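Could you have a look at this structure, given as structure tokens, before my questions?
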Amino acid sequence: MNAPANTNSLLERAPVMIRDWIIGFFPESLRWPVGALLAIAAMLAVFGLVFAFLTLAERKLLGRAQNRPGPNRSGLPFFRGTKLFGLTQPFADAVKMLTKEDIVPRAADHLLHFLAPVLVVAFALMTFAVIPYGRQLVAVDIDAGVLYFFAAGAATELAIFMAGWASHNKYSLIGAMRALAQLISYELPLLLSVVPVVMLAGTLSPTKIVEAQANVPGGLIPHWHVFTPWGAVGFAIFMVAALAEANRSPFDLPEGESELVAGHLTEYSGFKYALFFMAEYFGMIGLTGMGATLFLGGWQAPCAFLEFIPSYLWFGVKMLSLILFMMWIRATLLRLRIDQLTRLAWKFLVPLALINLGTAAFWSRTDSWSGPLQFVRWAIALALIVVPFVVIGRRLTAGLAPRTYRYAT
Amino acid sequence: MTDPEIASPSAFPEPSVLATHSAATVRPVHDEFHGDLLEVSMGPQHPSTHGVFRMVVTLDGEVIVKLKPVFGYLHRNHEKLGENTTYLGSMPYTDRLDYLCSMTNNWAYALAVEKLAGQPVPERAEYVRVILAEMTRLVNHMCLVGFLFNDLGTSFTPLLYAFREREKFIDLFESLSGSRMMCNFQRFGGCRANPSPEWLGAVSKLVDGFPKFLDEYEQLLTGNEILLARTQGVGCLSPELAVQAGITGPMLRASGVGYDIRKADGYGIYPRFDFRVPIGAHGDTYDRYMMRILEMRESVKILQQALRDIPAGPVMDPKSRLRNFRPKPGEAYGRIEGPKGEIGFYLISDGSPNPLRYRVRAPSFVNLTVIEDMCLGRTVADSVVILGSVDIVLGEVDR
Amino acid sequence: MTAALILIALLILGSTAVAMSLRNLIHSALLLVLSWMGIAAFYLWAGAEFVAFAQVLVYAGAVSMIVLFAVLLTRRSRADLSIAPASLRRAVAGVLAGGATAGVLTLAVLRTNLQIAPSAAPTVTVQQLGLELIGPQVASVLVVGVILTVALLGAVVLAASDRNDGKEDAP
Amino acid sequence: MLGTGIIKGLAVTAKNFVGSFYDPARLVTVEYPEKQIPIPENYRNFPFLVHEGDDPIATLRCVACKICENECPPQCIYIVAERDEKGKVLKKPKIFDIDIAVCMSCQICVEVCPFDAIKMDQHFEIAAGNRFEGLLLHREQLAKPNSYYQKIHPTEAAEVDAMLTAMKARQAAEKSAKAKPAPATQTPPPAA
């Protein structure tokens, strides 16, 4: 790992210096717990704010895409006339959510009804522990970090089931069953799209994966995984599966408001509903963070001379651009039906991910090719991916095409 | 009160009855291995049933086994009221039938009364009526397509694009008749006011820009794979069943039966305009959606021709009487091709200022009767989309 | 450290014991999942991170779903199951079975000579695990692979037989 | 190919998103209390009574003929004519109530009124504290000057005034013709 000159630039090392400065006040035995608590506090603060302003960004983006300005009325409590373009809207929403009455249906299973939102947010937050936000900015550097990330992600299904079951209501039950079917069937393509990255990087630890994507000094094209044929397809599959895991737009079936009112969230109100809402956004932040780490080179700058910008800013830019892409998808696409959704996962994404595994193997084997062979290598790899994509794609949408119509005489 | 027929599962009719009734083969209700059926009531307060309409859906897993539509929540006794007010008094109430297209309702009622009383209509009024009817067709189809995609799960984007265009038409209605949706503009023997040249100019400018909006709308939606997957092959309606059930309008044409009252009856001055009637082939939700899009394009053609050669002159027949209007005893049935289908008014007059019998043939009500046949064997999500494609307005269904 | 160890052991035993006694099946299923989490904590304490996360991913993620779905879908048959009144014969049978299994277990534990490991077990990195699996153990990995695919195919056949007597669902 | 339809859709939303920043056609919301949409001239909301002179009640055009009360479909108008001390009915409404909770502003009363005494107003911000007294408008609240009528419906008011002055002139001419050759001709009753 080369050590370019900027690792000692002030901005780059600022967070680590602050942490060491604060830890300095504590005796040796307390150093570790205080460091951990500091990391937790920092993450909660940063991601709490990011969540708040993401809700505002989503409503503004959705509004602007629909030819309306989006929320711009909320001002400050004591300065009556000021219009702040909606910047205080998230805090207004937070106050509203806190003051709303929290109704628990009489027949509901009170313990599970209370536990579900807590667990959903807990597991969503646990996934933040392993994502490398900056050069030394990773809360816990575990050897099997990627596996930990997906283990915590998989546990949220449990909490969603609890929510659906505890509400003791027909709609919530159908919503919970749908949510589980969706989450389980999309966990497979999610994991399978990550396997080539682990295979090529040779490790499960996120920090090492990011270092594997470092740039050659002076090189202009970034060495991110997304700029390889298998990486691009893997990233596409990862993003589609991430949309499904976070219950986002084309797959927001569980709370398909047009059919099942609000799915497993029907019987929740007030702060518990806000917790589910927060968990969905944390899930989105976590998945896009991990997606950026695995495919877009985490906190790596695109090319060597751009590295004077601190690494955590690069990570922020990549993560936010992925989140904005998810919001853009939400402004456009329709919702899939439950059987189409699972059919897309099992009959399209899983086979493609397996073929992608093969292409990645081919790619790693042919590392030594150079010169003209490089184009041949790209051509073969692309053919290995695109041909099955077109074949399976055509079979999936057999008989579905915009039709031409005749007219009565 | 619990409807006894729904409450106890044992009261389901034998599957054999259902089988003959519709194409879907229905499993015996209580066999041990498949578990019991789940009965879900969707509505009347449901976010996607377009008003107070309820569907009692019996689910086997996700698949609908039985669907019982329940409506009548918005019944306002429209027809009995019609018998107690004068002919003119009923005109503003026709706005409240299908509150999305008040101009076509007014025209159908005016047509019926003119047939009853043999009232001639001046030339310019005929052109104004055609222009207003086709503008209403555009407004209604935009609403339908917008709401259909809202049921499909887009977060309001197509609906707001459609409503942005609809607002422009509604503002024109307001500047002509005084109210956006409750126009009350047609009278027996013509229209209430004479549209000014500026108004006609604004209409033609808006109509000329409309195809550009439609192209952008189709680019957003028609090729979308998810839309194709969600709507093609969903809620198929066979032409035979459509004809037997008396379905009219875009739903009938989507099933392949090319019946359009504008061509069949040739009422008003429609024979003067050349326009085509699109026909579907599969009768599924996608065809119904495309019918509306293609009909909008045809309506734009009609509007452009009508605006081009509208004559000057009065819009109200001088001999028409507003008060103590007593048509000679007899009966008449006036019908037009409303955006939702054939809307007709059947009047019996006994010479008094109030009609003896005032009957409204509402297209949404008739089109709704086949909802169960289209939804059997589909999932809950599909039933909402199928209901959206039928295009019902509860004001017209319940009257 | 041993305090944490005892705490986790108590958590596992406690949750399984309560799970056995509860009437509400869903609660007991969820307590079972809690005990699995306890086992994952044990692995973590032993330094085997990979196995701990695999345990959480497989058990808490997937197996718990299967258990809960099973409990959910067989809810109906539970109503018909009439539990016979508590008779002496059943109590005796229960105690006998319990005693036999307890005896076998304690014998096995006593018989094996557990040396207390002098130092913490060496932390095995994932790479070594991978090489070990693909290297000498590749046969067992392939056998497990075959078993899983057979199980998957069995599930597909079962589901397919259920589907073709219902109405063929258009794409 | 599989994804093209979706990509085209995304392009449309992107165009609208970007367009909303510079193209007025793509940002159509009018922020109501601050900015108001100009009301078209023909807009009608609830009826009001027109009066000529400065004293609203005395110079009402309405002659309490109750035609509008009979023709109003939801029957929301209630008129009681003025009577002098001998009980003879005067051509002035003592009570003229419109329950605007019931009125659906269909303006049939305006069409059937032979004296152009009732016209449609354009005032739509009428929240009231109470559903019964608050929305039952009496003669005093309904009466508005003719100048107000000319302000909100200029073209229509101009026609009405022209027609009224013409009729007055015709009546004056007949009266003078009748006064000069007193017994000569019997003037036809004014058209009902």
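By letter and in written order, the chains are A, B, C and D; residue numbering begins at 1 in each of them.
Operating definition for what follows: contacts are C-beta pairs under 8 Å (C-beta built on N, C-alpha and C of every residue); 3 or more make two chains touch, one makes a residue touch a chain.
In this text, all values refer to a predicted model and were calculated from it rather than measured experimentally.
Across A-D and B-D, it is B-D that has more C-beta pairs touching.
Ranking all chains by how far their C-alpha centres lie from the centre of chain C, first place goes to D. In terms of their C-alpha centroids, the spacing between chain A and chain D amounts to 59 Å. Measuring from the averaged C-alpha position of chain B to that of chain D gives a distance of 32 Å. Averaging C-alpha coordinates per chain places the centre of chain A 44 Å away from that of chain B.
Distance between chain centres (mean CA atoms), chain C to chain D: 79 Å. Those residues of chain B in touch with two or more other chains are numbered 157, 161, 164, 220, 222-229, 233.
Of all residues in chain D, those that touch two or more other chains are 2, 6, 9, 12-13, 16, 28. Residue positions 169, 171 of chain C each touch two or more of the other chains. The touching residues of chain D, when paired with chain A in their complex, are 1-2, 6, 9-10, 12-14, 16-17, 20-21, 26-29, 31. Chain B meets chain A in the complex at residues 38, 40, 42, 46-48, 59, 62, 149-157, 160-161, 164, 220, 222-230, 232-233, 253, 258, 260, 263, 276-282, 286-287, 290, 294, 379-382, 384. Chain A meets chain C in the complex at residues 109, 111-112, 142-144, 147-148, 150-152, 154-155, 157-158, 161-162, 165, 177, 180, 184, 187, 202-205, 339-340, 343, 398-400. Chain C contributes residues 24, 26-27, 30, 33, 49-50, 53-54, 56-57, 60-62, 64-65, 68-69, 72, 123, 125-127, 169, 171 to its touches with chain A in the complex.
Residues of chain A that touch chain B in their complex: 62, 65-68, 170-171, 174, 249-250, 252, 256-261, 330-340, 397, 399-403, 405-409.
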